[in-house]
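Structure first, then comments.
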Amino acid sequence: MNHRLDGLFPPVTTPFDEEGNLLISRFGENLDRWAAFDLAGLLVLGSNAETPCLSDEERLTLVRTARPRIPAEKSMIVGAGRESTRHTMEFIRRIADLGADYALVGMPCYFKPLMTEQALFAHYWTIADEARIPILIYSVPQFTGIHASAGLIEKLSAHENIAGMKDSGGSLPFEAEVRRRTHSRFKLLVGSALTLLPSLVQGANGGIVAISCSLPQMTIDLYQSFREGNWRQAAEIQERLAPLASAVTASLGIPGLKASLDLMGFYGGPPRPPLLPLDPDQRNGIAVLFRQAGVR
Amino acid sequence: MNHRLDGLFPPVTTPFDEEGNLLISRFGENLDRWAAFDLAGLLVLGSNAETPCLSDEERLTLVRTARPRIPAEKSMIVGAGRESTRHTMEFIRRIADLGADYALVGMPCYFKPLMTEQALFAHYWTIADEARIPILIYSVPQFTGIHASAGLIEKLSAHENIAGMKDSGGSLPFEAEVRRRTHSRFKLLVGSALTLLPSLVQGANGGIVAISCSLPQMTIDLYQSFREGNWRQAAEIQERLAPLASAVTASLGIPGLKASLDLMGFYGGPPRPPLLPLDPDQRNGIAVLFRQAGVR
Amino acid sequence: MNHRLDGLFPPVTTPFDEEGNLLISRFGENLDRWAAFDLAGLLVLGSNAETPCLSDEERLTLVRTARPRIPAEKSMIVGAGRESTRHTMEFIRRIADLGADYALVGMPCYFKPLMTEQALFAHYWTIADEARIPILIYSVPQFTGIHASAGLIEKLSAHENIAGMKDSGGSLPFEAEVRRRTHSRFKLLVGSALTLLPSLVQGANGGIVAISCSLPQMTIDLYQSFREGNWRQAAEIQERLAPLASAVTASLGIPGLKASLDLMGFYGGPPRPPLLPLDPDQRNGIAVLFRQAGVR
Amino acid sequence: MNHRLDGLFPPVTTPFDEEGNLLISRFGENLDRWAAFDLAGLLVLGSNAETPCLSDEERLTLVRTARPRIPAEKSMIVGAGRESTRHTMEFIRRIADLGADYALVGMPCYFKPLMTEQALFAHYWTIADEARIPILIYSVPQFTGIHASAGLIEKLSAHENIAGMKDSGGSLPFEAEVRRRTHSRFKLLVGSALTLLPSLVQGANGGIVAISCSLPQMTIDLYQSFREGNWRQAAEIQERLAPLASAVTASLGIPGLKASLDLMGFYGGPPRPPLLPLDPDQRNGIAVLFRQAGVR
């Protein structure tokens, strides 16, 4: 039986000190805070974790630290994409050993013009065949430059070890088409808080949205209002949430998300270079916005 | 008091014969059919009318023909964008004389790199100042290559003669931001049937969507279900509508829309070159899809 | 026997007064000045003439004015593209009556997703069949969003009434491929002064470059140095020319080009709205640059 | 005194067997063949080496193997870019220990929207400060999605430990502007064989072009003809070279390059998944083209 994939998953960040060193104890403390919320689970080693800027050793340390702090009834999704098929499979073996429930596999993207649908199909199918834990496809064209078609997702959804996808592209027509072309066992999690409610209206199963790290309860409330058929209330929360998500994550990216975590009592801290920290005006802008919205 | 801008507006097509000549009587017949539906009005000389392929004389003939056939309680919106500010103003004077209720003004786009927000602001403000009828801004980045910001729309919404906008970009975050930044008197009409319900959920006032030409009742039903708070029924209609809209208009464009009109008892006919008519397989594909969906 | 298509052609601008009215006498004076240079001819109604912002009547007035002022041994190329095939043919008939030597036909671009190679082929072939003067294809993807393939150009080059193309895309690999795939009778004129010499090295026949309006002799010198095998001298001129062309036309567009005409003793004047005139700092920047380069 | 940076550098490929295992002996044999040509040096761990699909251990093995096989008078450039500043510095320390002459540092690109010029400047400057060997900037926007400005390159060229750049963007205007804004000590190597001669005409110092792996002599001949002032001969070679480079590397990418190596007596072999090998038709197409061109 598969672990839960309906609901909200914060894509947790990676704490660093001012020198860019990993602060693993801060990571543990954050996890303990998130454990108190009715989340469906967490994503470790997502884009928001600055995963491309971590060594493999650091990545495994994070997974090892997270596992005991995520309650059994919640899902631990772990980011596992690599540019080569073989290294992706290898990394999935290691996170499966450490107790990951799902491997979220981003698309290889360096050789964009060669990443045909045929190549992507072979990549995912091979990985899904071999993996001991179920796979989630991760599409984030704004970072990868790869726009997978709904037809490709449909074909991949036929593999019994591919449990769903995270779509961070933010295209509602694409999400609707994926939903239409896949069976209900295939879970669709969306990556943009800006359109969380519209996506749910169209049949998405939940979200892995950055703002859920700093404002978990607000995203949970939106989701539950929708599930209970209270769409108007969901629309009101969506309307309050969107400008916060837009300011913090869409405009300012990971450094903005980390600043919002600091604000809400989590450890955010600085990003690792080459990402630059916010300047004081940007930090202050977030504080003002959060105050105005009454979230702190 | 302004004319109605809430609800559904088909962007009506322009009938041609096989030689590409305008068939004005067919246009009149189509209008008479649309008059029977509870539409909020019609858009004449939109993109779907192949307006860039019409002469000014043909354009005015279409407006003159349409006016008496659109009941007074419905709005006649007329496309009026030109590359130059002066020719746009001139054309608006002429359609105002002919009884247009609103002028829909697309963005000048040939000199893309020079169409700064400053240039676009001056263009719209000057036009709105002079026009005797209210203006609607028209944003369709997939055709124009111009991505106007929500900030520009906010500034323009301060002009009392700018009544709203039609957004065909299909970006839900953009629409949500426009909605947030403008007062409720500023009407937001969306141009994509694929996301009609999600847009309404976010506060859009209605739609000018191509599929509304061939399936007017279905789009009206979706809108009214939503307005009455019956969101689940609206979601069901949206789900049935999306694949039809996707096949007919998103994939096949104007020739596809015209084929669907032929199928539904309107006059569609061939497009004017350089647009190519559908091949028999494409026409048949639409017929099969409409039959499967039970809409005919 | 065809008119000359090897060498330099300034794409002449359209003079306006401060109200945006056409100044036809200024246009005539500019033409008389250009007549003194060893240019291969001129392009009237190109993009730099703000053609999309002119009425048909204004367009024909410009052609009528230009014809007697362009010596018989030089070629008068006239821009003639329209969105519809029929209106393009109609306009070519009119400019042929007025003595145009070539019609430069841009690609229909409003309905981008429908402008398949099949549609573009039919458009150009039909026009070339009917036109009484030879046709030049005009490719300017930065304005049109249409990237025609070298294969399409190859197919069109088989038509005996298609004499060549103007390529303003600035892609040297594309130009090289066009050159390889077409016979030597098919003339390749390039639209970017930034890469004029590299293009000539690759087999281009000449250029229709904006900076040739204000600095005709410099562009002629570059061309002739190259033709005489004096490549090093050509490279030196190219190196001096590129920053001027970059500043004036690539960065500032038509308003910049017009300012440089004012500087060099032609009539430049303001652009027609929605194009905005340069601010004083921008005008001054051009003056400084031209002074430093010793061109005035 | 710095090592040579003028001339041709093949970006060598990485040999794999059918299972995707590294064939280090084949790599050594290829290097011995390249040693016989009058190349300026080699690039190890470039994009064409499928570096993103290699483990760190494999990368270091390749460097260790290459060093003794590259004669002292030639330069060994080693690709060293990583997403994080710290891991890039760490890897440069290791390749410097192994005798690399230059580190070619690609731009971090996963978090595209955050890779501002300020972030990129800090990244490169920090790395150049610390590195014991000189740095070359690597710009390849078609893979990274990052378009660095000529202004950024100008600022970075002020660092005494930044020796030059490899530009694979193929934009001649950009290359000309970089050349204009940098001192002559800053070397400009281009990455596209399609425009090798035009780039040299504009002042580039040489090339790191894929086709130089399979046709080293032809690229050397082009370069030397140009250097000796024999531009016409250089243009003839360029004309013969371009369609081969276009077919092999521009269209078919690394698998095409590897097939061309097989054809010319080197070991090419299959790529590592997710890259797919050529199908027989594609392989045969290359063979026919090479035969027609008389290169084998």
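When the chains are written out, they are named A, B, C and D in that same order, and each has its own residue count from 1.
By definition in this document, contacts are C-beta pairs under 8 Å (C-beta built on N, C-alpha and C of every residue); 3 or more make two chains touch, one makes a residue touch a chain.
Predicted model, so just to flag it, every value in this text is computed and none were measured.
**Student:** Which chains are shared contacts of chain A and chain B?
**Tutor:** Chains in contact with chain A as well as chain B: not a single one.
**Student:** Counting only C-alpha atoms to place each centre, which chain is farthest from chain A?
**Tutor:** C
**Student:** If you average the CA atoms of chain A and of chain C, how far apart do the two points sit, in angstrom?
**Tutor:** Each chain's C-alpha centroid was found; their separation is 50 Å.
**Student:** Where the centres are mean C-alpha positions, what is the separation of chain B from chain C, in Å?
**Tutor:** Between these chains, centre-to-centre, one finds 35 Å.
**Student:** So which stretches of chain A touch two or more other chains?
**Tutor:** Answer for chain A, listing residues that touch two or more other chains: there are none.
**Student:** If we use the touch criterion from the header, which chain pairs count as touching?
**Tutor:** Pairs satisfying the touch definition: A-B, A-D, B-C, C-D.
**Student:** Under the stated contact criterion, what part of chain C meets chain B in this complex?
**Tutor:** By the definition above, chain C touches chain B via 20, 47, 50, 52-55, 83-87, 108, 110-116, 118-120, 122-123, 126, 142-143, 145, 253-255, 272-276.
**Student:** Inside the complex, what are the residues of chain A that reach chain B?
**Tutor:** Residue positions touching the partner: 170-173, 176-177, 180, 192, 194-195, 197-199, 201-203, 229, 231-232, 235, 238-239, 242-243, 246, 250.
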